[in-house]
Every structure is written in C-alpha cells, then in structure tokens.
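Just below sit the structures, each encoded as structure tokens.
Each of the next two complexes has chain A plus one other chain: chain B in the first, chain C in the second.
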Partner chain A sequence: MGKMIEAVNVSYIYQTKYQKTKALSEVSCSFERGKVYAITGKSGSGKSTFLSLLAGLDVPTEGTLTVEGEDTRKMNRDAYRLNRASVIYQAFHLFPLLTVMENVMFPMELQHVPMKEAKTRAREYLEKVGLRETLYKKMPSMISGGEQQRVAIARAIAAGGEILLADEPTGNLDSQNEKVIVELLCKLAHEDNYAVIVVTHNEAVAAAVDVVYGMSDGSLSVVRG
Partner chain B sequence: MRVFIRQTARNIVRHPYKSILHVLIGVLTVLILELYAGNLDSTKSQLAHLPEVLTVPATISCLNGSMRECLAIREDRVMGVRESEYVKDPAFTVRLRFGFGEFNVETAKDAVTYLNHYGRGMNMLKGISGVEREGVTFLEGVDESILETSQKVCLMEESLLEERGLQLGDEVKLTLYYYRCAQEGSEVFIEPLITDTYRIVGSLRLGRYQGNWMPPETILPLDCVREAYHSQGIEFFADSGSFVVKDPFQLNALKKQMHDEAKFMSVITRAEFRYNGNALTIMDESFIRSAELLSKNLALLRGMLPFVLAIIVFIGYLCSYLSLQSRREEYALMRSLGTGRGRSFLLLFGETALLAALSGFLGGAVGVFLFGTAARVWAFSGALFFAAFMAGTAAALLLLHRLSVMEILTKKD
Partner chain C sequence: MGISKSSLTRLLRTPVKTVCFFLLLSFTVALVCAGGSLWKLCGDNLERFETIFTTIGTVEQTPERMEQEAVWYADKGNYRYFNCAVYGETISADVLDFEGAGYLSGPEQRAYYEALPQEYKLKEDREGYWQHMVIEASPLEDCVPAGPVKIEVKKVLYSVYPVNTSPIYLCDHNTEHPQKLYADKTYLMALGEGWTHEWEEKGAAAIFEYVPVEGPYSTQADGEGRRLPTELTGNWIVELTPDFYETKEGQNWLNLCEEYERHDSSNLFPVTATQDLNLIMAFYTKQAYLSEGEYFSEEDYRQGNKVCLVPARFAQRNKLHVGDSLHLALRYANYAASPGRGGAEGYLNAEGECYQVFEESDYTIKGIYEVGVGLDVDWGYTLNRNEVFIPTASIKNSKENNIALFGPMEGYTTAFRIPNGSESIENYKRLWEAQGVDHVEITFYDGGYTKLEGGLQNIKEMSMLLLMTGTISAVCIVIFFCYLFIGKQKRRTAIERCLGMTKGQCARSLLTGIVAIAFLGCIAGAFAGQYFAGTAAAQMAFAETFDTRFSNGEIQFNRERSEEEQAEADETAANAYLTEADWRMSAVCGGVVFLFTLGTAFAGIYGNLRLEPLALLAGTEK
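Here is the complex of A and B:
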C-alpha cells in the first residue's frame, strides 16, 4: 500500500521574542491507510507539535510534509482539515451548546451537505460508534466521557476524510471505555481503510496498534513496526 | 450563506445570557451616545438658526448717537446701505412739509395758511414707528411694495382724506417743502421742493406714534421724493435709516463695507451734536455673546468626539474580548474542523454585528421614548455606535486569531 503521509527531515522551531525552541528535529516517517500508528513519548517530547503539523494547523520550519504527494505548505490546509483529516482530543472538545446530533452534523454543515442528508449520515456515524439513539438530542455535558469521545469520533468520520488523528484519546477515560475507543479506532483503520495516528503515552493503547513510533526531544524513532 | 446565518443565529440563541448582556451594554452605550449626539445636533441647530431668533438691527444716528431721526444722511450713504449684499430690509425716511395745491410761502402767515401738513418719503412702512401694515388700506391691486418704486403716488391719513373729501384713487396736487441742513450740520431750513400731482393709493391710520418728529399725514415713495430732489438739482438727504443685518455671521464684512465704502463711523458719545447722520450703531452684542457661547459648546462637543469614539471602541473590544475568552475552545475547535480564519472571523463578527445592530435599534427606540430623539440623531448615534463597537470587536477577534489552536485544544483537562 502507498504512503499516505510522508515526513522528510521535518523540523519545527517555536520562536518567541526572546528565544527559539526546537520542538521537532529532522523527523522522517510515513503513514499508510488501513493502519493504526501510535506516537509515544514523554510530555514535551514534541508529540503534539507533530500532530498539529499532521493536522495542517501549522507547517514545518524545515523539511517537507506531504499528503499523497502534496506539500502541506502549498495546500489549502483549511480544506484539508475539513475534508481529509480530523482530530480527536483527550478533552473531547465537543461544542457545548450543540446536541450530540448537531455536533456530528457540524462538519457536514461546513461542507454544505443538505440538512436532511446530514441528519441521515449523522445517525449512521453515531450508530457506527455504538451510541444509543436516546442520546442524540442530549447536550454533551449530559453524557459520559466515553460517550463524548465516541461522539467526537463520529464527528471526525462525518467529514468523510481518510486520516484520523487522535491526541491522547483515552486520557480521560476509564479502562473499559479506553478499550472500546481503541477497538473503534482499529476498526476504522482496518475495516474502513483510515490512516489512524494516535499520540499516547498509554502502553495498553500502544500495544493495540500496528506501528509504534517513539519520540524523544523532538526526534522520532521506530519502536515497533 | 444560509449555513453562516444559521450558525450565527444559533450561537446567539444558545448564548442567551451573553447575548442579553451584550445587547444591554449596547443599548446603554447607544443611549449615552444619543445624549451626546442630541446635544451636538441641538447646539449646531441653535447656532444655525440664531440669526432667525436673534436679529441684528442697525441704526444710523448722528455722531454722538443722541438722535436717530431728523438727521441729514447723505445720499451716497443711503445708497451704500440699500445696495449692500450684507443688508436686509433697509428702511429710510425723508421728512417733508406739504400743502394742497400750488403756492409760494413768502411770509410766516403763508406758512401757517398753506404749508400746514407733515409728510414722509419712505421705502417701507416699518421705517417709522406707529405705521403698521394693518393700519394701511391700499387701493385694489396695490400693496406696500409701491413704496419701493418711484411712482408719483401717496398714502394719506384717513382724517385728512375725510377733511379734504378725498378718496382712494383720486389725484391730488401737493406742494412739497424739504428740510435742508446747513453745511456744517448745525442748522435746519425749510425750502421749497416741488409741486406735483400724486395719486392717492392708500389710506393711513397711525397707531402709537413714537417718533421725535410730527406724525406723517402723507407718505410718498422714497425714490419718488429722491427723484424730485434730483429734478430740482437739490442734493438728497434722508432723515432716518435703519436695517437688519442679513447674515450676522458676516458682521465683520458688513462693518468693513459700511466703514470703507459708505464712510460710516462708530458713535463717539463725546462728539458735538450735528444733524449729519454719519454714525452707525449695530446692536450685535447679544448675537455675538450667544454665538460665541454656542460656538464654544460646539467646539467642546466636537472635541469630545474622538474620546467618545475611543470609549465605544474600547467597550466593543472589552465586551467581545470577555465574551470570547470563554469561547476560545469553540473558536479553536472550529478552526480544527476546517473553518478558515476568515470564516471564523466572519462568524463571530457576524454574531456581534447582529447584536450591535439590535442594540442600535433598541437603543434608538428607547431614546425616542425617553428623550424624543430625532431620527437623524438616532441614525447618527446608531451608525457611530455600530462602527466604533465593531472596530473594537474586530480588534478583539484579531487578537483571538493569534492563539495557537493546538495549544488550546491539547490542554489536558
């Protein structure tokens, strides 16, 4: 299978008025569809920075990051996040004033999907992540953490992209919910052909994925591949 | 666009307390702005309409200012005033003595027998006190403007008409005598002017006459009398003159013209009395005082405008900044889901714009109810509020754009 995302000598420097901090140092790696990747490492090792580059929220200071051959520097990164890559966060980050259903419909609204179709598709995604229909009209604050993370995953796949990025997706969950979410992410990669990249320092999560990269002081190395 | 409107409206409705607070702050700001704009408008309007409320009259007097009638006002001065572009309603009179028919006065007895009536040449009725438009009955098709012509016509006192058995429309032969001042202006002589036939075009009923001289029994058009002077080779002098300053905001230009061209002087109270009407008194004190006061107020209010605007910009900034602080995650999430910077800006800007527009409208409506605000003040305040408030909002939003999306969303709760 071809490389979906490829990083070649990617470096990233945080620059403030007074100092420069090298968060990533010549990172080279690639990601394919149909696989689940984990990037592990200590806090401050550069995992989240790398994830933000993969999400198109920023561009490398040096080196190139390409998605199916297209340099992220040159692409429309808003459209990339809207249509191809979605991010799931540890704190779920659902819109607090939208219902579960409306949260999942949000990316489709941005894509101008007609309301009726968006509703039907949102239902499908919510069913796919195993959420009961009784929760659809509830506000995020009224459902459990595990359920909120499943809504976040449903919202991520609702955009219809092929890349799922997750930043400590099980960090706020108990072990039972953690297992459900990891299984769900693996299922999305293996059955629906997503490229799933998970940033984690949870060993159980790392053990469940196909490829594990380790990050230390901004440098990336293969731990298990 | 529909999605944009739906999202904006939904956000407003789902942040009810914030939206209401936003609108309340907006309404209060608009009300304060309306008070300011109302003051500005009213001061401007008062200043613009000051000449209508406070007219500035001017009177010609002798040099020491003690007399305003029975003077000798040179013709060039009369014409200088009448032809000035800064003068409105110039009123001049010339006093006459007259008798009916043709006669010569050679003795004092002749004067008593024949020259026993008093008349005036006038170019408008308000030239002397006691003569009102209501007290004059004109012949059909004739009005006061006939006094501005040089036609050989006259208005005659009602009792004199009755005494003489005359009626409107009759023609009457009159012998006119005029008042001549000695060259040095200290003595007055009565001299023959002309004998001519005049058509009676109006009857005159005098009201409370307050002049220093005898009330007129007949009034002739000033220019008719002036022409009589000219036809007899006599130098014309008017005996009283007054006018209203056309545009009191051009007082200086008027004064300069009156001084340089008509050769009028200011009153010198210590000057020796002379009959010469060569001093001009312009009663402009109250106008100048009021205009200065209003101008100062206006300048003060206008000077406050940048500060008022800065305060509203700051209010807009503060309201939006505080409101956005609790929505940073929402903003970051929108960006993370692929909403572009421009669209995120427009979405939040649109929300505030809707609330600001609502505040402007409600503030205006409350202003109309409370202070009776005029529509233009409402529009001005509303527009000013909207522009300044949204400038503040834009600044707050631009600040939000500088935040790192990933930094906000990867905070581990």
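Here is the complex of A and C:
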C-alpha cells in the first residue's frame, strides 16, 4: 500500500515579535491508508502542531509535507480539509445550535450535496457510528459525551475524505466510551480504508493502534511500527 | 441548508439574544433617527422662517420737549390748552447709515407724491369732502368777527360745494382780538366750514358758521430738508384793491384756488415710492395683501422698473387690470406725512406758484392689492384709499425743487430691514447706541421670529442631545452584541475552518445573521424615528405660539374672512411649519448605524480568523 502522507524533514518555528520557538524539528514519517497511527508525547512536545500541519491549517517552516505526492504548500488547503482530511477533537466541538443531524450534514452542505442526499448520507453515517435515530433531532448538549464524539466522527467521515485526524479523541470519555471510539476509529481504517492519525497520551489508545510514533521536544521517533 | 441559512438558523435558536439585539438596536436607531430628523427639521424650519419672516425697524425722531399751546375758542370766550411736541433740528435719515448695520433694504425716509392724471376716477361721488372756499365778501356792517357776523358773498373764486346762501356767518374763531372789518370794503378770504356753536348772546339758536383757513402759504424744502424762505404768510384775509389780481399777491391767491381745484376735484392721488414693500407697515402686517398679480421683484427695485401696485377699488373704478398701463405725473413730494395721515403741506412753492410735474411716465400695473381692517396702530400707518406704490428707483428725475414738505422721521415714513434673529437685532442695537444719536427711537418688528427662533434652537439642542444619546447607545449595543454574536464565536470559526470553510465562508457564516437582524433593526428604527420625529414636530407646531401675521408668505391675517377663508388661512398657517421629517435624514442615520454594525462585525470576524484554529480547539472545553 502506497504512502498517503509523507513528511520529510519537517520543521516548524513559532515566531513572535520577541522570540522564536522551534515546535517541530526535522520530522520525517509517512502514513498509509487502512492503518491507525498514534502520536504520543507529553504536553508541549509538538503533537498538536504536527496535527495542525497534517490538517492543512498551516505549512512547515522547513521540509516538505506531501499528500499523495502533492506538497501542502502548493495545494488548496481549504479544499483539502473539506474533501480529504477531517479532524475530531477531545472536546467534540459540535455546533451547539445545530441538531445532531444538521451537524453531520454540515460538511456536505459545504460540498453542495443536495439536501435530500445529504440527509440520507448523514443518516447512514450516524447509523455507522452506532447512534439511534431518536437522537438525530437532539441538540449536542442533550446527548452524552460518547454520543457527541460519535457524532463528531460521523461529521468527519461525512465529508467523504480519506484522512481522519483525531486530537485526544477519548480524553473526555469514560473507559467504556473510550473503547467504543477506538474500535470505531480502527474499523474506519481497517474496513473503510481511512488513514487514521490519533494524537494521544492515553496508553490504552496507543496499544490499540497499528503504528505508534513518539514525539519529544519536536522530534518524532517510531515507538512501535 | 447553505451557509447563510445555517447562520440564520443558529441565530433564531437564540431567540432571547436575537430579539434583545433587534429591539435594542431598533430603539437606539429610532433615537438616532428621531434626533437627526428633528435636528434637521428644526434647521429646515429656521431656514424656512428665515424666508417667511422679515424683521424691520421703524424710526421716529422724538420731540425734545412738550409745550402747552394756547388756542382761543370764541364760543367759550377763553383759551384752550393743547400739548404740543417741540422737535429739535430735523435729524436726517443719513444717521442710520453706519458700518455694520447690515441692512437688507433701506433705511428710507419715504416720500409720497401727488400724482396728477386727469382721467382717473378716485371716488364714486363728491360727498364727504370738507367744505372750504375762497370768496370775495363784505360784512353787512362794520364788525369785529370775534363771534358770528354776517357777510355777503360777492364772488366765489373756489368752493368745494356751491355757495347757495348769502349772507353767511363768519367767525374768526381762534383769534382773541380779530381785525375789524368794514362794510364798505370787499375782502378776499379763505374760509372753511366751521362748526355749529351756541352763541351765548341773547340766547341765539345754534349758528352755522365759517372760520378762517390759511391763505397762500408754502412749506417748500430743499434737498436737505431745510425750509425755503418765502413771502407767503398764509394770512386768510386780504383787502381787495382794483388791481389786486394783477399783483404778485393776487396771483398767489389765484394759484391757491387753482391748487384747491386740483386737490378737491377727485383727480389727485398719492403715489408712494419704496425700496421694499415690507417697510410699509400695512404690507408688513398683511393688512394690505395682493389680490391679483405679483409683488415687485428684486429686479424691479434694483433697476427701477416702471411698475406699480394699485388698490383694488381704484382698479375697479377705472377698469384697470394687471398688465394695464397707469399714467403717473408726479408733482411734489411730502416727506413728513403718510398719505393715510394726510398733508399739512402748503400747496404752493416758495414763490407762490403751483408745483409743476417733475416726473411723468406710464407705469405697468404689476399687482392689485386689497386692504383689510385696520391695525391697532397709529393711523399714520393706514393707507390712503387710492394709494399707488412704485419702486423708488423708478423715479429718474430730480425732485429737489418739488419737495412740498419735509419733517422729522416718523415710524410710518422711515424704516429699514435687517436679517432675522435676535443676534441681528442685538447687534444692530449695540452699533446704534455707539452712534450716540439722541432723540431717535427705533422700534423693531420681527413678527415673533425671535421667540420662534429661540424655541426652535432649544428643540434643536434637545434633538442633538437625543442624537448623541442614541449614537452612544447604538455604539455600545452594537459593540456588545457583536461581541456576543462574533467575538464569542471564535471556537465556531475555528471548527468551521477545520471543516474546510474558507475565511470568506466563515465571515459569511457569522455575518449573515447579525447583518440580517441589524438591517431589520435599522429599518424598523428608522421608521420609528421618522414617525416619532414627525409626531414630535407636529406637536411642536401646535404648541408653539407664534404670530405669522407678519410673514411674507401667503398667510393673510387681520381682515374679515368667510369661514372658508378662515379655514384656508388656518391650514396655510399650519403649513407654514414644516412637520414632515425628511426621510433621507432617517435613512442616513439608520444607514450609518448599519454600516457601523457592519464595520464592527468585520473587525470581530478579522479577530476570529487571526486565531490558530487547532490551538483554539485543542484541549478540554471549559
């Protein structure tokens, strides 16, 4: 299976008026479809910065980051996030004023998918993440944390992309929901051929994935390959 | 559901916040619009009243002192005493020419001229004239006319009405010791209709008598207003000699008769020349008003066009219409009186001759005026029933040798016009006092403009306060709600960015809702403000008591009207006050608040978009 994402000597420097901070230092790695990757490390080690680059929210200061051979510096990164890479978060970050169904439909609306089709597909994704129909019209605040994270995953896959980025996706969940979410992410990688990259410092999550990278002071190393 | 629809949906799912924003914004926009509209309305009204109202000053030379004048009354056999004003040297109207006075017209000491066309009919009949005559007569017996004495009329040189009876009674009523008259002599005498008085002697019945009136006299003045020296004494009686009429004195008497003839045969009428009809109180107060045609234009005054305004009855009697020609032959000027008050001028010049026409032209009738009931003012201000008006500059020839009478400035002869407003009047007063001219009194008439101006200025200040309060409130509300709807939505923007929305789409997502509410709020507020301003202005117009009688507009007061006319006049008076707020002002105020909202929203969105999305979304939600 070919490399989906490849980072070669990627460095990133945060620059303020008064100081420069090297958040990433010559990171090189690759990610493939159908696998679940975990990036572990302490707070401030550069995990989120790397995820930000992977999500196309920023570009490396040095080195190259390519997605299927295309340099992220040169690509339309808004379109990349819309159509190919989605992010899920520890705090779920659903739109609080949209229903569960509307949250899932949202990326499809951005892609101009007709309303009827968007609704049908949203229903499929919600079923896929194991949510009952009775929840579809509820507001995010009315459902549990595990359910919210499943809605977030449904919204992430609704865009129809192939890269799923997760930033501490189980950080706010109990162990039972944590297990469900990890299984769901693995299923998406193994059955639906997603490249799933999870930033975590949860040992259990790291144990469940296919490849584990460790990050320390901006440098990345393979922990388990 | 597109981005905009989603934005609106989210907004509507926070109804309390949205409704509060809408109501508060509407309210503050209403305040801003009401303040702005009222402010403009007051300004417009002031501007309008500036053109409707006029401010004039009338000038009067005041007497230096009052003296008692003793007049002999033959019927009482005693003196009666009258208060008599003693003026100092005549003060020229030139004293009013000083720097900074800022006249819009004038100052003018107006003259009226006797016009001499023969063909115009001035009165339906000759009733109502005062009978006076110049006759040759002799007493029936030697006598002193200290009481009624009989005289035989030998010849009538002039009489208003035919003298059918002879002898008639003569009494030198106001002379304590009259000269003795001899039966064998014939006298030429000027007599006027006296009064019936009961002669005490022998309980005689009431006797109708004639009394002396002035014989040939002259009050001619030069161009500076100085009385010219003359030999004419005004003596009422002279003894006839065989060749009397061949003498200069005799000729003077004949000239007097000729002049009497002119004056009493209904073919002389007064013509008043003015620089501005507003300076004539009857027009200023709208007692006299145009019934047909037009008033004089600025050009008429400036270029001295040969145009005139004639009274309606005069036009009617002579079948004259607007556009017709009126032949005016001006003979002499009277600067001391108004045509309504009448003469006191000597009919002959200093040489004892009749005045000759010095200006003769055809004038085009530009307007016909009516005169309403009189004002409660000095009757010098009332118009003569046949008074014709012309622009001063239309008199091209010099009248220097034709000034029959010159006198002190009076309110009805001397006036000027200055800009409206208390500031203008105060400034004038200050400058005038600095001139240090005594015995000249100036009275200002502004038709209530000063009071109205003060009222409107107060409302204008209130409007400004309203505008500022509204603006400050609007700024606070817009900033507060932009913070709620945008500033506090950083996380939302970050999520949207992570979901692949472009910065433009994120901006649209945040803007749509707030812009829609702000737009509706501004429109609702603008309408409310417009309505409030209109209502307040209408209340203001009704509450404000002002006198539009003195306006230049078409408002005609102070005359008898039918109910229909009264209703029309009331409507016109109400219309004088602009009560409809200018919608453009509301539109501008509403628009400015809307643009400010838009600007604030953009600033907030810019702030949201500057943040790093993932950094914002990482970690646990607080």
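Everything that follows uses one rule, which is that the second predicted complex is superposed on the first by the 225 of 225 C-alpha atoms of A that agree within 3 Å, B and C clash if a C-alpha of one lies under 4 Å from a C-alpha of the other, contacts with A are read in each partner's own complex, and residues count from 1 in each chain.
Simple rule for what comes next: contacts are C-beta pairs under 8 Å (C-beta built on N, C-alpha and C of every residue); 3 or more make two chains touch, one makes a residue touch a chain.
None of these values were measured; they are calculated from a predicted model.
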Partner chain in contact with A:48 - chain B first, chain C second, else both or neither: both
Partner chain(s) touched by A:105 [first = chain B, second = chain C, both, neither]: second
Touched partner set for A:218, first chain B, second chain C, both or neither: neither
Touched partner set for A:79, first chain B, second chain C, both or neither: both
Set intersection of chain A contacts, chain C complex versus chain B complex: 48, 51-52, 55, 57-58, 78-83, 86-87, 89-91, 93, 95, 97-98, 106-107, 109-110, 155, 159, 167-168, 171-172
Contact set on chain B toward chain A in their complex: 3, 6-7, 10-11, 14-15, 329-330, 332-333, 335-341, 404-406, 409-413
Chain A residues touching chain B - in the complex, by the definition given at the top: 48-49, 51-52, 55, 57-58, 78-83, 86-87, 89-91, 93, 95-98, 106-107, 109-110, 112, 155, 159, 167-168, 171-172
Chain A-facing residues of chain C, complex: 1-3, 6, 9-10, 13-14, 491-492, 494-495, 497-502, 505, 612-615, 617-621
Touch list for chain A against partner chain C, complex: 48, 51-52, 55, 57-58, 78-83, 86-87, 89-93, 95, 97-98, 102, 105-107, 109-110, 115, 155, 159, 167-168, 171-172
